[in-house]
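What follows is a set of notes on a single structure, which appears directly below.
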Amino acid sequence: MSKKGEEIPDYKKDKKRVDGRKMDELRPLSIKVGVIPNANGSAYVEWGQNKVYATVYGPREALPKHTQNPFKAVVKATYRMAAFSVPDRKNPRPNRRDQEISKVLSEALEKSVFVEQFPNTEISVFVEVIDSNAGSRVACLVAASVAMADAGIPMRDLISATGVGKAFNEIILDLNKEEEDAPDAVDVPLGILPNSDEIVLLQMDGLLTKEEWKKVIALGIKGCKQVYEIQKNALKEKFELGNVSESDDSGNALEKKKETGKKMKEEKGKEKIKERSEKEKKVKK
Amino acid sequence: MSKKGEEIPDYKKDKKRVDGRKMDELRPLSIKVGVIPNANGSAYVEWGQNKVYATVYGPREALPKHTQNPFKAVVKATYRMAAFSVPDRKNPRPNRRDQEISKVLSEALEKSVFVEQFPNTEISVFVEVIDSNAGSRVACLVAASVAMADAGIPMRDLISATGVGKAFNEIILDLNKEEEDAPDAVDVPLGILPNSDEIVLLQMDGLLTKEEWKKVIALGIKGCKQVYEIQKNALKEKFELGNVSESDDSGNALEKKKETGKKMKEEKGKEKIKERSEKEKKVKK
Amino acid sequence: MSKKGEEIPDYKKDKKRVDGRKMDELRPLSIKVGVIPNANGSAYVEWGQNKVYATVYGPREALPKHTQNPFKAVVKATYRMAAFSVPDRKNPRPNRRDQEISKVLSEALEKSVFVEQFPNTEISVFVEVIDSNAGSRVACLVAASVAMADAGIPMRDLISATGVGKAFNEIILDLNKEEEDAPDAVDVPLGILPNSDEIVLLQMDGLLTKEEWKKVIALGIKGCKQVYEIQKNALKEKFELGNVSESDDSGNALEKKKETGKKMKEEKGKEKIKERSEKEKKVKK
Amino acid sequence: MRSTILEYEISKVVEMAKEGKRLDGRKADEMRKLTIETGFAGNAEGSARVRLGETEVVAGLKMLTGVPYPDSPNEGSISIGAELLPLANPDYESGPPSMVEVEIGRVVDRGIRESKAIDFSKLCIREGELSWIGFIDFYAINSDGNIFDAGAIAALLCFMQGKIPKLDEKDKIIKGEFTGKLELKRLPILTTFVKVGGTILLDPTYIEEKAAEARFSVSTTEDGFMAAMQKGIGGSFKAGEIDEMIEKAFEVGKGVRAKISKL
Amino acid sequence: MRSTILEYEISKVVEMAKEGKRLDGRKADEMRKLTIETGFAGNAEGSARVRLGETEVVAGLKMLTGVPYPDSPNEGSISIGAELLPLANPDYESGPPSMVEVEIGRVVDRGIRESKAIDFSKLCIREGELSWIGFIDFYAINSDGNIFDAGAIAALLCFMQGKIPKLDEKDKIIKGEFTGKLELKRLPILTTFVKVGGTILLDPTYIEEKAAEARFSVSTTEDGFMAAMQKGIGGSFKAGEIDEMIEKAFEVGKGVRAKISKL
Amino acid sequence: MRSTILEYEISKVVEMAKEGKRLDGRKADEMRKLTIETGFAGNAEGSARVRLGETEVVAGLKMLTGVPYPDSPNEGSISIGAELLPLANPDYESGPPSMVEVEIGRVVDRGIRESKAIDFSKLCIREGELSWIGFIDFYAINSDGNIFDAGAIAALLCFMQGKIPKLDEKDKIIKGEFTGKLELKRLPILTTFVKVGGTILLDPTYIEEKAAEARFSVSTTEDGFMAAMQKGIGGSFKAGEIDEMIEKAFEVGKGVRAKISKL
């Protein structure tokens, strides 16, 4: 909701956004990999005002047993917001929005992972928002996917994600809160596998024509690719590949490094599963 | 509570009820059998303004295992009201009334079924009220018993049920909401096995003398028998026994037909149990 | 909170307390043993206005299985207050205070029992407060420990407990509600093994200097020893040791008696465990 | 699943009942010893401890203020709840109210409420704005069957003592000061039977409840009314059996009433 | 774990889908028969029963008053929830709303809310003080897939009937009296697809949902807008596939709208 | 049940502790490196990230308005809660607050509350009508033991920043505008010890907590007071051991206070 008494901006006319960005410009995005020593993989993302942690535990034996799938690993993401991460204090109990986001994140992540390699296991992903300002779910997906790579879990591709949509009469990338509250706001959380442009996360709220949609999806995919570069750099930094030039075949180098990391972790992972199988259920804290 | 400013009726004097019925007259009752394809047995009942669905699933392996009884099937009825089925929106969470009704319905149904034939199983009965106006629990019991027959579960007898009691100075059958709110209202939900007059559901609220009680129970049993006829007809319709005359030995014919249906379903049931035993727990939706 | 308009007492000056007690005097304390026939051990304690029941069930197989400890019995105390036991009606749902007290009571009791003798079992302790006025948790610990002895569970020692602390400018024993609400109130629930002075329960709220602390702990230990005598007498009464003189070696006699009781109960206990092992889970009421 | 020992005891109870006998030597229509004690809870506006044989129940009353229901703006209300403490029986578990607890609480509540023993209009403080709600909570302390009747007597005893707190000018309750007492127009007594092996047994023990085919409770008053009935458990009764139990319940009610009204 | 039979059926559905065929003989882009019925619930301010093949859903509207949100003091609101009754499918269980139910409810809610079909400012009674909230609850009665679209149509039908209750001088709802009706500016229709064996299937059955790699729902309006989208399940779509489904959804929406707007 | 590896590590920790040694090379009475960071959360009225070795905790403060308690009409209040996120340790699980979380939250709360560091009367807005409640929620992000002390420091840092929001004429909080700050009269520091193999260890790691027989926490202030104590886990302490720990805690408190008061 734009504040009363203020004039509503018109981006078509103004040529720049309320926070000074260009229409196709992301907010500042930084990613740190491996920030949580206890986890198999982790990442911390600051994206505009959003600040989120993501961890990956697993693959570990899925418990209780009836949740096991004999054909693949179950990817279970849990999205939560700290009580102080929103303007009004958030009730600590997960609400319907938390549950829906957990579900769509789980489903998006599943596609990016070779789940077939780990039957009967669960890959647990926890994302925690400690500050927010529009776009926390895509920030979480970006963090979770990097954490998944950090955990050395064999992946088809990273997931790159961004918000995209419409506000103040223009198609724009990465809406902030003020834009999300515009009278004509359309918000599209979008997540793709950047090497194949497969869409794994897609939601939309607000009124959009077919023509506008085509612009939105094109801009969104373009934005995801920018995010992808930042994700790759963050992973490189963690795995000390600073010497590989980004422009030529960084992707491959990254892949190679990830291969190595993967193998190590995989073995660690398998051992872990064995260990866990001995227990009936993990010790309740 | 009768509305203020209005004169309170006196049925002894008026000789007819607020909705024009005679003292011993049921509200219009219609029963449809087999309305829910997914279920092993089902029924839909409209009784006055009440509208209820009932389904039967099972006998199926009782889970978790500690709920199994090695001597008999557990009959577990669950009574719920749709949020919009009452004048004020009902909170979706089951309340104490829902739980008590679920309990007395389960207990009433148990007596009507040869539970000994299916040890370690559960027969799950779900009843859902989608519109109501006094007497929804007996409508549910009537629907559930017909659904049980539809499921081909071996039964000692159908259960026929009705409300009965007192209002506005007279003993009456099948109270509606206005009567239930009379200053001298007594409400007696009654369910019997109509071929043996065994009482399987009985509750009472309100002040009644022993003499009045005798009239109430006699009228109630009479009402149940009327309900029984409608139940039998509904089952006949489902099993296409339209050609059997109701007056002579419809009961037997129904029994015979039910036999056949029963046998089919029983085998289906057993298969089902086997199937389920392979699973540890049914897949959570 | 002392009532408005009233003068705040000064114990240093007054030399006696609001209820007439001396600074180091307990409120009247009475203990009855074996009051709940269904339990393996039980006690009823009246301490000032506090009235509490305690029961012990077990050692019995710990369920669900993942709660079992292969090296020792798990002691699980559950502290609850009846809705009418406090000035304002208490919500029946256990609150955070109930949970914390349950935890510290469990941990205190564990030290007093030879838990190593009963691997994979649970010793369930339930304490119920039916009236209260400051100090209900220590009353419960006193009752629970006596109930534990009554159950014949092999014990290192009884636990004796009392409140101690500061109010109205003086270090005092066994604070009542008015004292707990003093402006300078400090409340220290204290529980010890009286034969070794080992501290098994200790909490403190309020401002206390190191010098005051030394006085508090000394007075508290002294108070616990008085409680110990009453506990021993209550147990003696139960086991009809009325003829043993208290002054000489009552402790030993009690030990002896407890030995006997213990042996009986132990065997009963083992049988119980066997019995329970046959079930997957105890029948839900 | 039930243990073998329990199964054995149950079958014994059934066999004995067929001959009109009971494990504890009582006659089929004999009640256990009833002992009562009141006023133990200093924080309650009424409290009672009731023993029926080895069954022990404690109950307390808290009077709270609330806003009257829109459809009865000049009435207060009551609320009665039962809790089967894990303290009271190794079969009981902690957790949200079980269906058994819900049923006991509701039957005891209706037995009193429907008798119109308490004039709800006297619980009104200011029409449409403020009224009293009498909360009774009762707890099984030792459970040897028939928590229904023990709880109903305990609840009734609480209401009989029922003190009405004084309110200050801001409608806050002043602790320890009272303006009067609840008045009871009737003393409804709940009486419970089970059918075991075809025989009707009054005031069942825990093992008799386990052995029972069917259960029946009825609340009776001194002026010849029944105020609530409840059939429970998976069996059935004939109308004649119901009549017999009603007859007996009036007799039992008279005895219990004589005992409690002396207080 | 899923049973062998289910696994077999799923693999059959996948095989058929690869050739553009379906178990029930439909074409890939063919919808099941839609039947609708309204106004059955006397206690509701709008009610509907929707059948989509063997899938059956009932929905009802209750209009309640509430305090407006601080940041929109002159607006009312709506709330839509889905419940998959254990009645409707042997796989469904009782309990708090599952994630599946939450997602269905929220997608149906957004499909209507975001279309701005309902002018929330018309639901304001007194600015900052009192406004209407339209609660829709819908229930799966028989579930054979695509509860999304059946529920969305049922919810929309309820709003189309939506009666606004009359209030007395104390802002209490007067039962059975109404001041007017809700007005809908648009009729948004939710349309759901799944991808099975690489083929897009419209209006999936339960077994097709089980066999699906990915799901996509989009709400379309008569004036050329999309109002909500949701991709679900663990697979992916290409942008071109999304475009195709959008195209088809507008066509389906037109047909459904024609049918329901006759009421 | 605990895994064999864990059991092995625990026994090693116990053996080392008997000789006054620790797995990470620290002395028995040595604290891990403390690093702090504040103000990261734009939506909070105070926020802090505290690291104690590998343990990381984040905390935030939200100031909300509420009605004062009847027995303290001219006071506001605080509320502190701990959450051990499943993010932070493979042993942690989602769900309602566990007993461990409840205990941590309550001990941290009392350590600050009972020190009277915050003058609750300054949180009153209008007597008997409106007051401030300061909600602190802290979360374990990586848990390597001693969440107690890390959380207590983080909570204290939040209060030290504590901005008091401005209210509009309708008592609604105006986002981003503030009238002042919380004032702290003391800086109470919680200090936690465990006893392992008979040796007292300051600032325990996760594995040391697992190996511990008993735990003790005490909150100390700059003016020589202790404000809260808590003994935990199933062992015992002698009075002399308590005295030693108190002595050490005052020393630790001084160091931590010097560090945080620089902010």
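Quick notes
Per-chain residue numbering starts at 1, and chain names A, B, C, D, E and F are given in the order in which the chains are listed.
The rule we apply is simple: a residue touches a chain if its C-beta (ideal position, glycine included) is under 8 Å from a C-beta of that chain, and two chains touch if they have at least 3 such contacts.
A quick note: this is a predicted structure, and the numbers were derived from the prediction, not measured.
Graph distance from subunit B to subunit E, where chains that touch are one step apart, equals 1. Touch-path distance (fewest steps) from subunit A to subunit E is 1.
Distance between subunit B and subunit F, defined via averaged C-alpha coordinates, is recorded as 57 Å. Averaged C-alpha coordinates put the centre of subunit A at 31 Å from the centre of subunit F.
The mean-CA centres of subunit E and subunit F are about 47 angstrom from one another, to the nearest whole unit.
Looking at subunit F, one finds that residues 1, 100 touch two or more other chains.
Among the residues of subunit A, those touching two or more other chains are numbered 66, 279-280, 282-284. Considering their complex, residues 1, 66, 68-70, 75, 96-97, 99-100, 102-104, 106-108, 110-111, 188, 193, 197-210, 213-214, 217, 221 of subunit B touch subunit D.
Residues 1-5, 40-44, 47, 54, 56, 58-62, 64, 81, 83-94, 98, 100-101, 135, 137, 139, 141-144, 175 of subunit D are the ones that touch subunit C when the two sit in their complex. Considering their complex, residues 35-39, 49, 51, 53-55, 57, 60, 78, 80, 82-89, 92, 124, 126-128, 130-133, 275-276, 278-280, 282-285 of subunit B touch subunit E.
Residues 1, 71-72, 97, 99-100, 102-103, 105-106, 110, 114-116, 216, 218, 221, 224-239, 242-243, 246-247, 250 of subunit F are the ones touching subunit C in the complex.
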